[in-house]
Each structure stands twice: as C-alpha cells, then as structure tokens.
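Two complexes, one shared chain (chain A), two partners (chain B, chain C).
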Partner chain A sequence: MAIRRYHYARDVDEALSLLLAYEGRGALLAGGVDLARGPGTDVEGLIDITAAGLGGISRDAKKGLVIGATVTLEEIRTSREARDYLGGFLTEVMRHVATLPLRCMATLGGAVVSAHPWADIPTALIALGAEVAWRNEEREERAPLEELYRRPFRAIFRRAVLTEVRLPAWGGAFAFEKVSRNAGDIALLNCACGLGVKDGKVAWARVAVGATPYRAARLTGVEELLVGESPSAELLAEAGRKAAAEAKVGDDLRASAEWRRAVIPALVRRALERAAREVKGDA
Partner chain B sequence: MKVYFELNGEQKYVEIKPGERLLDLLRRLGMKSVKEGCRTGECGSCTVLLDGRPVRSCLTFAAKAKGHRITTLEGLGSPEDLHPLQEAFLETGAIQCGFCTPGMILVAYHLLSHNPDPTPEEVREAISGNLCRCTGYAKIVDAVLLAAERKRKGDWR
Partner chain C sequence: MKVVGKSVRKVDGIPLATGQPVFTLDVDLPGAAVGKVLRSPYAHAEIVRIDTKKAEELPGVLCILHHGNVPRTPYTTAGQGWPEPSPYDTFLFDKKVRFVGDRVAAVAAISEEIADEALRLIEVEYRELPAVLDPEEATAPGAPVIHDEEDARGIHDPQRNIAAAIDIRVGDIERGFSESDVVVETTCEFPYVQHVPLEPHCVVAYLDEEDRLVIRSATQVPFHVRRIVARALGLPLSRIRVVKPRIGGGFGTKQEIILEDVAAALALRVRRPVVMKYTRAEEFTSARTRHPMKVRVKLGAKKDGRIHAIEMDVLSNTGAYGTHSLTVLSNVGSKTLPLYNKAPHLWFHGKAVYTNLPVAGAYRGYGATQGYFALEVAIDELAEKLGMDPLELRLKNHIRAGESSPIFEKIGEGREGKAQVVKSCALAECIREGAKRIGWYEKRGKHLWDGPWVHGVGMAVAMQGSGITDIDMAAATVVMNEDGTFRLLVGATDLGTGSDTILAQIAAETLGVPVEAISVYSSDTDFTPFDTGAYASSTTYVSGGAVLRAAREVKRRILEVGAAILGDPPEDLDLAESYVVSKKTGKRVPLSEVGHRAMYVTDQKHIIATASFVAPESPPPFAAFFAEVAVDTETGIVRVVRFVGVADCGTPINPALAEGQLEGAIVQGIGHTLYEEMLISSRGGVRNPSLFDYRIPTAADVPEIEAVLIPTDEPTGPYGAKSIGEIGINGPAPAIANAIYDAVGVRLYRIPFTPERVLRALRTRS
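And then the complex of A and B:
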C-alpha cells in the first residue's frame, strides 16, 4: 500500500480542496472501516473528515430527520432524535448492522458512499425516500438517494464531499427485516417496508429489497398493488408473492437466486405485517 | 508523522506511518493483549477502547488516535494486580486459550460502565461481536454477570 500522507480536514472546504489537489489519488476517510480493508493501491493521501463539522442529528421544521455525514451508526442507534423518528425505525435498523465496535467507527456517509450491495443501510434509506446533499467544486447539490445510485456516484464522490442525509417525515410506520447466517453477519436478503393507512385503506406504501445480491431497489409494482386496498393478511401475502416476481435476484457465493426468490415472499410479508400493526397502533 | 495520544493513562508522542493500523501500532508499543485474528473486522480479538468506546483496532487507522484516549487490557489490570473482570473470568472458567479474552473483557468493561446490572441477554448482545472458539460463551456470560454483581457491591476500579 502506498499511503503517504494523512490529513485532518478542519472543514468541508479544506477537505474538498485537498481531495481535488490529489486528482484522484486521495480518499476521504470517515470511520475508515471500509478503507482500512483495502484503500486501493492508487490511494496516496487520506483526508480524515471526522472533525470537519459534519456531525449532528436534528429534526427539521417538517419533522424529518437530518443526519450529518460523519455521524456514526452507533450515535444514530443511541440518539433520542432517531428514537423519536417513526417509532425508532432507524434504531432498529442500526441494531442489525454489524456489531457494536464497528458501529462506533462506521459513519452514515461512509455507508451511503460505500453502498455495498449487501448492505442494510441503503435499503432502509431508499425505502424512506432519503435525500442526500454534497459539495463539489462549483456548488452544493442534492438528490434523492435512489436517483444518485443510478448515476456514477463513485466517480462523483472522488471530487465531492457528502455532507448530510435528510429523511422526510412520514405519517405511518416502517419495519425492517434481514436474513443472515448469524446476528453479526451481512445480509443474504434484507427489506424495508412502510405503510400509511387512511380510512382503513393503504394510502401509500414503500417497499425496498436489497442484498438480492444487487443493491437495494424499490418495488413499485408491489407498492401500487397495496395502495387503495385494505391491509388484510391476504393482501400482504399477495404483496410478498409479487415482490418475489418483481425483484431482480441473482446467485452469489452466499445464496442462490432460487433461494432468494423463495424467501422474499415471507420477508416482505413480515415487514408489511409489522408496519401494518404499528400503523393501527396495535404493534 | 508524529502523533500525541493517551495510552492507558500515559501520554505518548510517537512516530507512525500514515497508513498504519492502530492494531500494529499498539502491538509495536508492547500492548500484546491486542490480538490479530482476522484483520477484517469480524472476530473482535483486536478490540480496544477509544475514548471509552469499543473499536476494532485492525480497521482503525493509527492516525485516528491523535488527541484521543486509548485503553487496552494492560490499562485495566496486570498479572500482579488483576482487574475484577479478569478475576471473574478466571474464577468462572471463562478462559481457555485466552485469545479472545482481552477483547471480551474490554467490551464487558464498556457494557458495565453504562449498565451496571445487565441481564444475561444484554451481556450476550454486548459480546456478540467477539468470537470465542473455545468456551461456548456460557462461562463468559457468567463471568460478566459475576463481575457486575461485584461492581454493584463496590469491588471495582
């Protein structure tokens, strides 16, 4: 490995100018748990951004949640703001992510940019409709995370600093499910589902499935199936079956496409059932 | 590059390589309780406390220690003067080969620092990121519960 310099950026401007000066041979470093596993042989300079003023979790005026890029996963798990948001949905998601010593280092920004296809955080953020903000040489930009992942985002973050993640307020409930070989392992499949109910009918639905083994994607056909219907056990089971048909699944060394197609119905149904129980207040 | 940090209560000012891992730095400084198992963040044998919170030293760049407080097992007790957690591990038979023990004790220390009366379930969750290939975990849970009981009675430091 050829790491020659380690910088401690004091603010976003400094981080960005260092990053640009390296012309592709520098890497922003937050918790560093991903970079430490293999920074890439072309990386010469590490730019630590954990003291660059990108911390902090707060509620915005519309009761959404704003999380700074360098907030650690454990800070999120233990924060009051996250517990108060959607009945602690994010607290629950973070509990499923890796183990405590890893969560004490790993940051939300690092999770968004590393975007492992098997990761749990992108699945939850996509279901929630997260919007991310970043700074590049010219300006500050924002985009829904779902849209950013359709762009060459790794190239974008070689010349930009992700600054925050914004989660909108939702009048409903979300639930997260993960299947893995043991509690600390990465997912064989994961899913995040949200439901809003009005006058006994589903007013909106959000369904995202990840680790398929591809990065999380929303299943809009399943969402459409749910909206306007009463959230009965039959409907949620049908949504699970439709999810297996709609999701793009594949083989990897951990599980086969066939296995994934067989498990998705139960996983999606369970998450929807929990969300439905919580919406009705009888969780 | 040179960095200042506090290691087990002592000020250090040491030369490090910019890409060096905290695991390698600590072992270089003689902290041989910090064990290298997997080097990929999965086994927990390299766990140390950074400002009181457990981290994987194999996935932590040494440069991150700058200005912070690092605690290894050497900072809790010594063979001549065992920490109550070390005593409890010995008494309950929670140590076989001992490779996982430093990491186990440090996560247990962190747990008891904010939860002096944990349930067995909470102990299991706290140690869930640390693998032990020998004991089967039951005695480790017993050891932490015994140490917690003694801590509540004032036997602690």
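And then the complex of A and C:
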C-alpha cells in the first residue's frame, strides 16, 4: 500500500483523531527521518504534526527543561535554554548525534518514540530521568521515559501523540561519551553519567549505558556503589569496572560483546571523571 | 608557461556547481521505460525453471529477458583495451547464478513500481549448489567448480577455480635469501571494499531516428562499452553510439560494463528508451569491489640495509567473475617491485581465484594498493630488524632517474611488458620533504601521551604508472573556429577528475590562447576520436599527449596562414596571447584574422587536426606518505591526526586539481584503513549494503592533510607531466599501520583497523 493522503494537523487533538481514524495505517510525520529510512508498508496516511503546537523549549519553575516533541535536535543544540541547562550537557549530546542535515530534520519526539537501541538520545534522557507526556483517546498521560520503555510503548504510540519531554533540574553535572566508527555514525557504545557531590561525597549518581547493542539502561548497582563515597579516581575506575559487569552486552554487525565489555569501564569512568571535574563539590 | 602549471577553474565547474542537468539521468525521454534486474538470492545455484507468465501479464510490463530468450555469447565486463586480458566468463543471462546478487532476469516496464512488482512475480526455481565462500578453499580438491560452462574462454584453470595466475622470477630467490643477513616475512590482508561513487551506475539506452542504439552512460570507458555491448548483443559496432555526460565519481567501478548491456538489450526489444540505475544496495551487492587479497611479502637484506631478495605471494579473490583478475594480480607486483630495484633476486607469484562472492574489479590503485600495504609494512619490519630508520632504508633502496627494473619488461598488461628506464624521479625529495612536514625526527619513537591517547608516526612510499605501455591510445581533434577560438574533441573521459580542464590547458598553452578560448567536447563515440578511457592513471599522460600533438599540428597550420599574412617565414613565427607573432620583427596578427582568412578569404580551408598518442612507456609517479596517529589504548580507536602526502607527478598541469586527486585518494585510503569493510554472511550475501552500516569518510572525518607536489620534468609526458589519479591511495594503509606500531608497538596486518581489532591486539600483547 502506498501513501495516499497527507494531512496537516492544526493541533494535537486533530493529529490524534486522524491517527485513531487510520487504525494503524497512519503515521505521524515531524522530521520524517525514520519514515524515510523505512516507512511501514501499511502506511496510507501521513499526519504532519510540525504545526500542531508541539514546538518550543522552555525552563519550568524548578529550573528543569521542557522540550516540545517536534523541536529538532539542531534547535536544541543551538538553543540558549539547552546551553544553560546542566552546563550545556544536552548541547554536547546533540553534537554527537548524526550529521547537521539530519539534526535539522530529526525531532526529539521522533528520537524518543523510535527509540533505536543504538541511539544516543535515549541514553542521555534516561540518565537525566526524563519524563515524557503524551495524549491518547482518554487523557494526557505522563511517565518517566525509563518506565515507558519497559511498557509496550510502540503500541501506545500507535494510538497516542507524544507531546513533550520534561527534564528535571539537577544540582550536579552530567557528561556523555560515545564511540563510533566515524563522524555522524551511530554509536558502537555510548554512556551518560551524572554526579552530585555534597560535603565531598557523592550525593547522587546516574549512570546509563546504551548501544550495547541494546537500548540504554540505567546501571543502578553502579549508582549505589558511588553514592556516599568520595569521588576519587579509584572509585570512578571501580564504577567503570562494575558497569561492565552490570551492563547487558551483545554482538551485532558493528562490534562484539567482548569489545563492548572491554570498553565500558573506560567510557563510564571518563564520563564520571568529567562530571566530577565539573561538579567540583558544589552540589 | 602561461596556462600549464596554473590552477585554472574547472571548465565544467560552473554547470556542476549550479546544478545544470549534466548527468546521465538528467534527461527526460518521452515514453521511457524503466529497467530492473532480478537478482539471485543464492551464492551458487542452477536455474531449473523460470516462469515469467504472471509478470508478463501485469499491465505496464513491456518485456522480460532471461537466459531463455537472449543470445548466449561469452564476454567480459572489464572495459579494458584489446586484446582483452580478462576471461570471457560472463553472459547476458546464464542458467546458473554464481553469487548473491547475480543477474537472473531483467524487466522493462512503464514505471519503477510496476517493474519492481514484475520482479516479484517472476517465478524461479533454483537448485542450490555447494558454494565457495572462502578464497583459501577455492582451489582445494573437490571444491565446487564455479565456471563449469564449456563456452567460457581465457580462464587459467576453471576446474580449480583459478581465474588467473602469475609466476615471475628474476635472479635466484633461494640464493637471494640465503645470502641475506636479515629476512622478514609479513602477510597483510585487504578485505572487500566498495568504491561508493556518489552517483550509482546508471544508463539510458534508446534507438535514434536512424535506428541506431544510443547508450548514454555513466562510464569511464565509452569506447570499450561500444565494443563490449556490440559483442554481447551481436550488433555491428557501427550501430552503437555511446555518450558519457558528466559523471558523479567512478574510481574504477565504472570501468565495468554491468548495466549498459542489459539496458541496450531491453531497449532493442521494447523499442523504447530504457532507463536503468543501481540502487545503493545494488552498488554493494552487484557492482564491483576492490579485489580482496592476502599478500605475503618476504624480504632479505644485507646488514648495511641493501635489499637483496623480495618474494611476493598473492592470493586474490576475484569473486564470481574474473573481470580484471589477471591485470590486477599482475599490478600487485608490477607497480611495487620496481620501486626497490636494487634487489637482484625477485619472485612474484600468485593466483586470482573464483569464489561465490561479490565480484571484484578495477578500483583506484588496481592491485598496487594491496601490494603496497604488505610491502611497506614489511619494509618497516625490516628496518626495525636492521636497526635502521625506515626512512633511510627506503632512501637507500628506491629507484632513481636513469635506472630500470627487470619487472618493467617481465610484467605487462596480461602479457610481457616492455623495458623502461625511469627518466624522472623526485622520490628522495618527496621523502625528505614529507619527513620535515610531519616532524619525523621529533616524533618517531617518542610515544607521546595525551590522556589515554598515544601518538606515533609512520611512513610508506609508492609509485604507480601513467597509462599502459603500447596499449593505451588516445586521439584528439583540435578545430579552429573563424573567430580564433578552438574546439577540442577528445575521447578522454573526465570522471570528475578535471581531465577536460587539463586537456584544455595543454591545448591552450600550445596555441597561445587562454583556456576560455578552448571549448572541450569529450567522450562521445560518434563525435570524438578514440580513447581507451579513464583508467590506469592514463588521461593526463596519454590523452594529454594526443592533445599536445593535435594542437601542435594546428599551430603549424596557423603559422602557415600567419606567414602568408605577415610575409615572414613560418619558422620565425610563434603563437602568443591569441596572436601570431613574429619573433624577429614583432609584427603580429590576431588569430581571429587568421581564422577568418582561412575559412572565408584566401586558399580556404578549415584548420583542423587529429593526432593519436600511444603510451611509449608508463613513467611512474612517486610519492611518500607520512601519518601521525593517536591510539586510544582503552577503546582501540585510531585517529589520524595529520597526514602528509608528497608526490612527484612530473609537471602538474593544474596544481589544484592534482593536489585534489592526491588528497581525495588519501581520504579514500584512510576510509579503507580505519572503517570500510563489506561484511559477508555465511550464505555469501553482503550484510551491510548501505551507507548506514558501511561507513565512508565524510568531510568531518578528514584530518589535517598536506598534499604536496614536487615537480619534475618527465621528458616523455606532455609539458613534463605524469599521472596523479591513483598513487595517493597506496599510502594510507601501510603508513597508518606503521604509525600505529610506532605508537603502541602492535603490528596490525588486516584492515580496517577497527577499535575492536586494535584493542584485541593491544590486549593480546599485554
């Protein structure tokens, strides 16, 4: 079945009602990156949501960040709000994602919903404890992204419109690390780590590793290891080693489980070291 | 010189940059049909039955071709000179398929969608055959025979799957090694890599108003396309015209006739224009690749560093068809061994074997690239064992101007070669200049650390050729217009290299006019004279030689007319600044007046000349390559920090274009070295047939590259020129391998040097 109709949704309600009316044969279109890579053969109607009021980046009252689903990755990268949030952590993450032309098309909502296991954005968002909001037939719902990914989220978004991503404020710092074959490539491995330090001890820690080749997961064992300890070089190195033991790794076309397990310690340690340097105990 | 040696703007630069419809598919012919090829899902299978009934019944399907309804003539897809050195082992369609992606049938339909649907409706019953998926096993007793068809010709040993073999000895190799004080042996492996031209293979074939077949194709070899299509389809050559518009990259893959034959057959059958193009996936599965190779090099040297014996043993995988199998194999030795011409004892031997894998073919560097990887890593090892600086070892042993190598005479294009003395060589200067620019003495052996990164520098040297001796022939026609401008008609094929521009420069220099006074029309078998095509680093030297001769003849005729006007003898006259000028009196007459007089006024004639040039020899360009790398010892990532390539290409006719060739080849070579590799499944298919999973360097990956030219004056070349198109790709793999060794003390023998391989090597050592 070829694509037959193209709709401009004026708002989320219209997008949702069109999506529901297609009963699985409609697809939301924002950046179109994943649609262009491989549109479902059963898609009959495209519903353009770029004018549905889902743009915009803002700070919330608690100094968190709220990003609309159709904001492009490049808009995030170049925004003042992202630069001011966590020392520009998101700006740095976006710099690692794909290439400039793709970043100008791809949207944050698209990255969240397509949730490619090798993608960088889920890793960063999970580490940050992002919460996402969506609208379905009955109501508006919200959930932490990490929890959403444990649910059948692809089925949810066949009958729902993702509206925004909320990132909480953190008193600390985050850093992102990625290994890829060349510029603009997807990750062979990535990780995002955050630390808060109080009175010389780690107050909180967030560690997520992705592209293992599975979708990013938080490594809570590593986080627990860090909390309450002084962020010494030895501790961060140990955290790296523990991350390799805790992370689920596998083989794919691009790299082996063996290599991934061997590299996770360095990657996690480097991200933690950079976060620790940045946080300088001002948690 | 006024025009030669200047970086003038490309003559086709503006139309390319402004998006003019200059490419093969930028035409829209009324009624054009779309051609598509059904491809084999099996590595090796017999077609037991093929039923096209359902597909033919689909509205919009115009014709379906397969082995049952086309002539069966063995030919080669290799667009090479005559006699063709590649085996005739290919048919338009065959009863057997020999690799995943091989041709089974072709459809012409009124739209792409219908053509695709028709492919799905063709019913094919295959009988799967055991396949050869490892070149090491191709010649084993009992291995499946890939080319068991009786009508194939020119295969070295079909029963043992050997497409081509070579065995060349100079001196006494056993004595050579026994007399050597130091011996090293190294085996390097080159995987499947793809050319990835920006523009995939594409063609438009149609019958003109006189029922002649016109093939508009993205090809490097229009005249070979004409000859090979004529053979494959049983058409008289005179009924075919091949036109090559602008090309979006070739790198050797468009030296292959892999689409023109099918498109022509379809167009003849449906009597409508037929448009065909490869998808990106087809470029990977069903176009051509570099020959994957295992090259073993054994070197023997005296204590003082004199190389005494070289053995080179090659196992080349030609895939399912033997296109370029012999000549690429030959070039592994013929383009490398003369570089170290002091060694009296040589043994170069190897074979190219068939496998049921993707088909290899011509690729920039053409065997030399694979050969230099092994040779130059071995030289680095030899230097270490001798306790010598590898730079000094190379300086001590490399060929010089005035010297020769027996290899020139022993190995030619699928036959014996021709003795040749090197007349220009600035390799020593290239090595010294490169060493200075990379900071060789400051950095070599220093293991400079920067966090987890450790730096190292490595080098390699290389040569190539300039055309194929006694085979490559080019012709050019220079036509004077009455306003004193000129048209230059060349069969030469600009594949984006800028050859139209440098040929115009050669003509302009000779005729004393600016480049703007020359209009170039190239690559049309009806309207331009013959040229073997753009390959073997030949265009500047061979086609340039023809242009120089034709322009000189036109100049002679202009001076005759000038002499009649000025009253001075022709020998006192010259051309300068668009005038005929008397060297004695300073009297002058504009070319526009000469042209006008010749055409309209007195003793009327059209000033026009055609000349041919056959490569009398193949003067090698030389180059030295230096890489500075940083190795992340915790992840295995290798980063090329800086790369210096210094080349002697004779006189660079257009320095910017020559530097661009060197730089582009280096970038392509870095891609090979660090990440490019076609991954093959256990059933013989390509696992990563897309740019998502087969990575090539992008602008963001290009390190700081210095491409430097050291000019020499090659006496046999036009204005002293030699070639530059290929040589640059020979350096990166060995230079980077040697730099990694300098950095971390680990030798890597198989490219690409992925983080995985590098890290494994580091951990194995420690």
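We take it that the second predicted complex is superposed on the first by the 279 of 283 C-alpha atoms of A that agree within 3 Å, B and C clash if a C-alpha of one lies under 4 Å from a C-alpha of the other, contacts with A are read in each partner's own complex, and residues count from 1 in each chain.
In this section, contacts are C-beta pairs under 8 Å (C-beta built on N, C-alpha and C of every residue); 3 or more make two chains touch, one makes a residue touch a chain.
Note that the structure is predicted; figures quoted are calculated from it, not measured.
In the overlay built on the shared chain, the residue A:C104 is in contact with chain B alone; chain C does not reach it. In the superposition on chain A, A:R254 contacts chain C only, with no contact to chain B.
In the superposed model, A:L29 lies in contact with chain B only, and not with chain C. In the superposition on chain A, A:A183 makes contact with both chain B and chain C. By the touch criterion defined above, A:L235 reaches neither chain B nor chain C.
Look at A:L20: by the touch rule set out above, it reaches neither chain B nor chain C.
By the document's definition of touching, neither partner reaches A:V66: not chain B, not chain C. After overlaying the two complexes on the shared chain, residue contacts for A:A262 are found with chain C alone; chain B is out of touch. Residues common to the contacts of chain A with chain B and with chain C across the two structures: 2, 37, 99, 183-184. Taken together, the chain A residues at the contact with chain B in this complex read 1-6, 8, 29, 32-33, 35-37, 39, 46, 48, 50, 74, 98-102, 104-105, 183-184.
Residues 2, 37, 99, 179, 181-186, 188, 253-256, 258-259, 262-263, 265-267 of chain A are the ones touching chain C in the complex. The touching residues of chain C, counted against chain A in their complex, run 113, 452, 634-637, 674-675, 679, 687-688, 692-693, 695-698, 700-701, 754-756, 759-760, 763. The touching residues of chain B, counted against chain A in their complex, run 1, 17-19, 21, 40-42, 44, 47, 50, 53-56, 58-61, 63-64, 66, 107, 126, 128-129.
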